[in-house]
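Here come two complexes built around chain A, the first alongside chain B, the second alongside chain C.
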Partner chain A sequence: MFEMIAFYTFAFLIIASFIVVVTSNNALYSMSALASGMILISGLFFLLNADFLGVVQLIVYTGAVIALYAFAMIFFDTTKNLIEVNSKKIIFLLISFSTILLVFIMTAPIKSEAVTALHPIHQGVGNTQDIGIVLFTKYLVPFELAAVMLLVAMIGGILMAGKKMDMLVANEEIQEATK
Partner chain B sequence: MNLSISLEHYLLLSSILFFIGLYGVIVRKNLLMLFFATEIMLNAVNIGLVAISNYYGDLTGQMFAFFIIAIAASEVAIGLGLLVIWFKRHNTVDLDSLQSMKG
Partner chain C sequence: MELEVFIIQTLVKILVVLLIFSALAGFTTYLERKVLAFMQRRLGPMTVGPWGLLQVLADGIKLFTKEDIVPTNSIKPIFKIAPVILPATAFIAIAGVPLFPEFQAFGMTIQPIIVDSNIGVLYVLGIMAIGMFSPLLAGLSSGNKWSLLGGARTAIQLLSFEVVTGLSILAPVILIGSLNLIDINNYQIENGWLILTQPIAFVLFLIAGYAETNRTPFDLLEHESEIVSGYATEYSGMRWGLFFIGEYVNMFIVSFLTVLIFLGGFGEGTLIDGLCYLGKVLFFIFLFLWTRAAWPHIRPDQLMWLTWKVLMPLAVINVVITGLVVMF
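Let's turn to the complex of A and B:
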């Protein structure tokens, strides 16, 4: 009973806030709605016994990603309203693609009834310990690769959004023009 | 009346959120909104993976969701850096301004 109330509350709130994200004309409203949706999704993760992922969702998405968007928004002039496309062709494409995808999503669990767990969840062991054991034994190489990827992304982000970058680009243009 | 929440509930929620994100990607012309819609799609997939992980008693789904979160974080860092450069040079975040790249 509790699970049902929690699921429906979270589900409706998430859908409502994400609809605000994609339909709002004001980028600031969109960003706030996105943040609230992310926090509510972490509630769903706690409901699904994935405590570790719920906390990661809170820290990474609302702590890092939304903060990054908020800082990047300083650079943009988002007061201008851009013209949106509303052609019949795009709506038709969206509906047909959604329908095909929905059939696949809903029939996939029926097809995979005989699936056995590759890394079963242990009863009586905390979710974080369970994830840690699997992550540092079976998924160690992807984990290290993800760490290197995050480092590369951090360096790239600093380099591209840094103050010197527009001057670098301008210098290159001058050099090309004088050649 | 059956009061328990099944896997299908979560998959339906996940697909609804995915379609909201897809609608945003297709219809919006603002590049920043495109990034928001991409985040929505990644989160929708995460919900599906974690739900399957819970209902099948398998940790693999949570592992995949974990790596998707890492990829989303680096995507935002790189993408926003590129977007800042684009805005500095062209003074717009309109998607159609990218068509000048066409040869």
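Let's turn to the complex of A and C:
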């Protein structure tokens, strides 16, 4: 019974926060609701006994959403409302898309009985160890690919940020030399 | 029956932890003022009660009865929520910390830890990191440029120090093979204190802990001489007090974690071991205050330099070497 109460509380709060994310005109409201939604999702993981994934959700999204806040601080005055352009085309597309999604969600329980876990967790071993084993045996290639992709993104970021760095230094040196 | 006992036990534990740590947070402010005073050859608070001991009470009355001001141009709901987040996350995080070895009382064994999960360390650190939303939201919603600067500094501080915290505990965790805080404690009974095998990780974790709790030398968020009072500029009364309860509880969590992971924790779990454990924790609290008296602030650019150019490479090298040693 406690699980049920907890699940419905978390589910309701998550949906409420994400509705605020979409409907609010204020960047600060949206981002705070996004952060709370992401953090509340970890509650669902904890309910499913997936402790490790829950904590990963917490740690990753705290950092990620804070980076978003940093961007918002650069681009907007967060105490003012934004004026948004709502075109009818987008609303139409979104409604039709969410209707299809709703149909899938409602019909999912028919299929769900046939679904079994590919890698069931071992009793007595924490799920951290299980995730580690699966990640480094069966899913090693996707895992390493993701790592390489992140490395590429990082190098790209450094390159973009540092493109003019050496030029700036050179200019300063020239200026100092001419003084 | 089992379930009912469990629920009642947990509720009692939560209540006790809440009461003890709210009181301790207040008392630590008194300790802080006294320690700072003695280090600067002053007397500190002396007027209220013997040696100024009742100063905490007087401060409490002042904080509760002070007028609560919400600025006109602030975003009110978020301005009001922000100070609650820090103490809330601090108290949620402390649920995962074993506060004392298990003992017998009222005819049953009591474990003084509220949630004993397989991922103890990560849980505590993760929830503590969420606490950083509090100064960030406070800074952004106040509608004041000093607060905004404080908020911006929160973002860089968190992004810098999340990495170092994670990498610095990774090396001990590789050695132990478990994230459970009680397993970490038990590992050190047989293999000696981890500070002897992982001195670099110890120093890195401690430095990162100072940054997570916004203590000197990393209290950029409310650096008085640069940005008035940072994120807390517009706050007064109990809202301001809540930030500080959170900060002091976080200090206790960092001290508990440092002692548990690197300094043997509570060892075998006898009464004397338990008292030693609390003594070690108090030493680290004292170290926080000592650092505040002895160390100047650092600038934000020095913080970034320190994290990304010194601490992070050191942490990565430490992890690689530990991994190689464990493997061969």
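Keep this in mind: the second predicted complex is superposed on the first by the 115 of 179 C-alpha atoms of A that agree within 3 Å, B and C clash if a C-alpha of one lies under 4 Å from a C-alpha of the other, contacts with A are read in each partner's own complex, and residues count from 1 in each chain.
As a convention for this text, a contact is a pair of C-beta atoms (placed from the backbone, for glycine too) under 8 Å apart; a residue touches a chain by one contact, two chains touch by 3 or more.
The model shown is predicted, which means the values in this text are computed figures rather than measured ones.
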{"item": "Which of chain B and chain C A:A16 touches, first, second, both or neither", "value": "neither"}
{"item": "Comparison of chain B and chain C by chain A residues contacted", "value": "B"}
{"item": "Touched partner set for A:M160, first chain B, second chain C, both or neither", "value": "first"}
{"item": "Contacts of A:L140 with chain B and chain C, given as first, second, both or neither", "value": "neither"}
{"item": "Touched partner set for A:Y69, first chain B, second chain C, both or neither", "value": "both"}
{"item": "Which superposed partner A:Y29 touches (first chain B, second chain C, both, neither)", "value": "second"}
{"item": "Partner chain(s) touched by A:L58 [first = chain B, second = chain C, both, neither]", "value": "second"}
{"item": "Partner chain in contact with A:I100 - chain B first, chain C second, else both or neither", "value": "neither"}
{"item": "Residues on chain A lying within both footprints (that of chain B and that of chain C)", "value": "52, 69, 73, 78"}
{"item": "Contact set on chain C toward chain A in their complex", "value": "73-75, 77-78, 81, 117-119, 122-123, 125-127, 129-130, 132-133, 136-137, 140-141, 143, 148, 151-152, 154-156, 158-159, 162, 166, 178-180"}
{"item": "Chain A contact footprint on chain B (complex, rising order)", "value": "3-5, 7-24, 26-30, 32-33, 35-37, 39-40, 43, 46-48, 50-54, 56-60, 62-63, 65-67, 69-78, 80-85, 87-89, 91-94"}
{"item": "In the complex, chain A residues that touch chain B", "value": "1, 3-4, 7, 11, 14-15, 18-19, 21-22, 27, 30-31, 34, 37-38, 41, 44-45, 48-50, 52-53, 56-57, 60-61, 64-65, 68-69, 72-73, 75-78, 80, 82-86, 90, 93-94, 97-98, 101-102, 105-106, 109, 115, 117-121, 130-131, 134-135, 139, 142, 146, 149-150, 152-154, 156-157, 159-161, 165-166, 169"}
{"item": "Footprint of chain C on chain A - complex, ascending", "value": "26, 28-29, 32, 35, 39, 51-52, 55, 58-59, 62-63, 66-67, 69-70, 73, 78-79, 126-128"}
